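Chain naming follows the written order as A, B and C, and within any one chain the residues start at number 1.
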Amino acid sequence: MADTGKTILEIRDLSKNFGGIRAVDDLTFDVKEGEILGLLGPNGSGKTTLFNLITGVYTADSGRIKFRTDDITNDLSYRIALKGISRTFQSTKVFHTQTVLDNIATAMIARARTRRISETRQKVADILDFTHLGDAKTAIAGDLTHAAQRRLMVAMALVEDPDLLLLDEITAGMSGEECNEMIDMAKRIRDRGTTIVLIEHNMKVAMALSDRIVVLNFGRKIAEGAPEEITTNETVLEAYLGREEA
Amino acid sequence: MITQVILNAVVETAIYVIMALGLTLIFGVMKIPNLTHGAMYAMGAFIHYSLIEWFGVPFVPALFIAALLTFGGGAILERVFFRKGGGSPVIAIIAGIGLTYVLVNVMTNVWGAWPLRIQTPFRHMLRIGGGAISSHNIVIIIVSIAITVLLYALLKWTKFGCAIRAVSQDREEASLIGVNVNTVGLVTFAIGTMLASIGGMFAAPITAATPTMGGTAETMGFAIIILGGMGSLGGAIIGACLLGFVDVFVTSYVSGGWGGAVAFVFMIVVILIRPSGLFGKKGRQI
Amino acid sequence: MDFISNLLRKKSTYIFLACLIFVVILPLHSSGYVLRVMITMASGIIAAMCLNVVLGYMGYPSLCQNVFYGVGAYTMALATVKLGFSPWTALLLSPIVTFIIGYLAAIPFLKLRSMFFAIATLAFTGVVAAVLINLPNLTGSNAGLRGIPRLVKSDITFFYLEIALMLIVLILTVLMSRSFWGKILIAIREDEDLAPHLGINVTKYKRLTFAVTSAATGVAGAIFFSYQTFISSNYFTIGSSFTALAVAVVGGGGTALGPIFGGLVVVGAPEVFRGMSETLSLWRPAFVGVVLVAVILLSPGGVVGIFQSVVGYFKKRGAR
């Protein structure tokens, strides 16, 4: 069960350059087990790059990433996933030509061989129920509504009970009501014992969900703390509004 | 001896430049690899031959007429088969392979599989240093340079050239500002095809024309533009120089027949280290 | 027992058995020439089936399939002619050698995507073609190597041998497509960037798939050239992989039976034309090209795709 207080993810002095641009610059912070950590910042501040570094899509130029006791700094993506870190993406990455069921099955394949069929069936039923996709079992993913597709993406990331879930602007393109549904789902995910790091542009969602917030700008951490502190933080406001620092 | 090898390399490079420019132009605008390039290379030689032998047209005017005909042919090919614009390159590859089957078969049935000798009127031999170069080869070099210059002029100074550059950088944006993307694609493909066939027309008197003469040339063409960066004209020229010289030097000094293979290996290595080539996306694109 | 009774209930089982019986009886009543065509077609189908796994299921357009056909074939030729092995020993060696070469080729090439992969494999074919031509002491170059011993004596038995191999490959393909492996290949084809995040070791499966299909292709090549007893570099030019591609695409990529139909259309149909008129046979490659272009532009699902639409259409009408 979640034990708030213990660190589940450690980022230490993490840096990543892209041809002269420092996308992530000497980043250091912790993610506590069982919390929902909001990752905010203006466009291009390095949030998705950070997710890519954590999940092994990019290799870090310097610094360390530690998942519990494991140094996963330049580990291969699939190994990181197997260790218990899942993610969703800014664009809706699902297998659009496959059915919902096939999508979920594919998300379970890596661990399916050592599992009994009955157990697999149960997990599938559970996750469909959890993400409100039970009716869409046999639908082709590409035919689903936008929000349903994004829920499918969450289902695929969640089905193997990851310890850490990285959500990258999961509410993008959703209506107010759909956002509320997603807020509720995120809380239920946390209650199930999965730690969440959340990139969000929708302030309402970020504030409603985050226990703590880390703000990035130009790849650097410019603020860290409770949501109320962040909204009144001068540096944060300037970063978003682009006002010149006095 | 080395002068001769260098001279040969320059000629080979010249032919490859003409071919590669066409190939990279097509890729830059339409984002698909043109797998009919080799077939049209050969077709150019055969049409040219026919104009001379069947219709009694002299060598040089026949060059121009054949070029025009292949321009038209390329336009038809684009309109009928490649007008998917933004479609999957794999579909274009397979369609190109199918069309090559057809074109090569047509050439084999109409002109025969035996190598056809084509006489060039440029038969003087010029002595340079320790080597000799025929006036035909000098013409090739001149034509190659001329085409390069014309192409640069077209792209830099004409409105249509601007349109080509716009489409190659961002197809959607270009259409939003009013460029007729379909026409640009059509004409570019036609130009590219015409350049391929010009290459074949000039190569034929040297190597004799066969329906399959385009096979290795086309793969070489791809090696060149991948090396130089697909879509980059400057890259195509530099790639042609590099691989043309590698090919001829290996053929002359190591052993005949390995030139192409070495060039291919070179390309494979480059594609693995730096897929965008020497002057690809990261560099300037004309 | 349950499985068998289920099987007996399906219509497709009987169709399959009928085809099987037809295929077994046919060669006994065929002339030498027809038999030769059938053997060639069967061999091409096997190669196309292997390519189909890489292209249709995994989504990698390989243009070097013939290289592995050739590696298997030359292993058979060299092991028997130069090293004196028996053809069956050589047949055992072929997939091993081809697997190794296939795996080694997979390491660099599978780092590339889509058209870069296609062009790189095309260049690879060119390199291998050059190697085959330029090492006459080893490979016999265009003059070739003669006297490859036959695995079995008669043509008919060769045909049965190929049908057996085809069935094995077919069954393996079907089993694969329904298993976790098939799901992984489809995941790679549909979104290779997503798959690793689901815990799938994409690199391992890509390489294994490529190497295993290469090995199977090598066996097909070994068998065919043992039948022909003669091999030369002329069979392995830079464009020689296109036939396998045509067969795989025309039949319908990503379906187990596709290559069979593809083979019937690409190899079989032109031969039927040849029967009708000699001049038509001159246009055989053009026919293949036309069909290929028509299929890829109009009905990318190939013959199987057309079949499925037709069946779907009739089902809809029936439902009214």
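Simple rule for what comes next: a residue touches a chain if its C-beta (ideal position, glycine included) is under 8 Å from a C-beta of that chain, and two chains touch if they have at least 3 such contacts.
For clarity, every value in this text was computed on a predicted model and none was experimentally measured.
Trainee: What chain sits nearest the middle when you go by CA atom centres?
Mentor: Smallest offset from the overall C-alpha mean is found for C.
Trainee: Of all chains present, which has the mean Cα position farthest from that of chain B?
Mentor: Of all chains, A has its centre farthest from that of chain B.
Trainee: What are the two chains with the top count of C-beta contact pairs?
Mentor: Top of the contact-pair ranking: B-C.
Trainee: Between chain A and chain B, what is the separation of their C-alpha centroids in Å?
Mentor: Here the centre of chain B sits 49 Å away from the centre of chain A.
Trainee: Rounded to a whole Å, what is the gap between the Cα centroids of chain B and chain C?
Mentor: The mean C-alpha positions of chain B and chain C differ by 32 Å.
Trainee: What whole-number Å value describes the gap between the mean CA coordinates of chain A and chain C?
Mentor: 43
Trainee: Could you pull out which chain C residues touch chain B in their complex?
Mentor: Counting only chain C, the residues touching chain B are 61, 108, 111-112, 114-116, 118-120, 122-124, 126-127, 130-131, 133-134, 237-239, 242, 245-246, 249, 282-286, 288-293, 296-297, 300.
Trainee: Under the touch definition given earlier, write down the residues of chain C that touch chain A in their complex.
Mentor: 180, 183-184, 186-187, 190-191, 193-202
Trainee: Which chain B residues qualify as touching chain C in the complex?
Mentor: Interface residues on the chain B side: 32-33, 81, 88-91, 93-95, 97-106, 108-109, 212, 215-216, 219, 222-223, 226, 255, 257-258, 260-261, 264-265, 267-268, 271-272, 275.
Trainee: Within their complex, state which residues of chain A touch chain C.
Mentor: My answer: residues 55-56, 76-78, 81-82, 86-87, 89, 93-98, 102, 105-107, 109-113, 156-157, 160.
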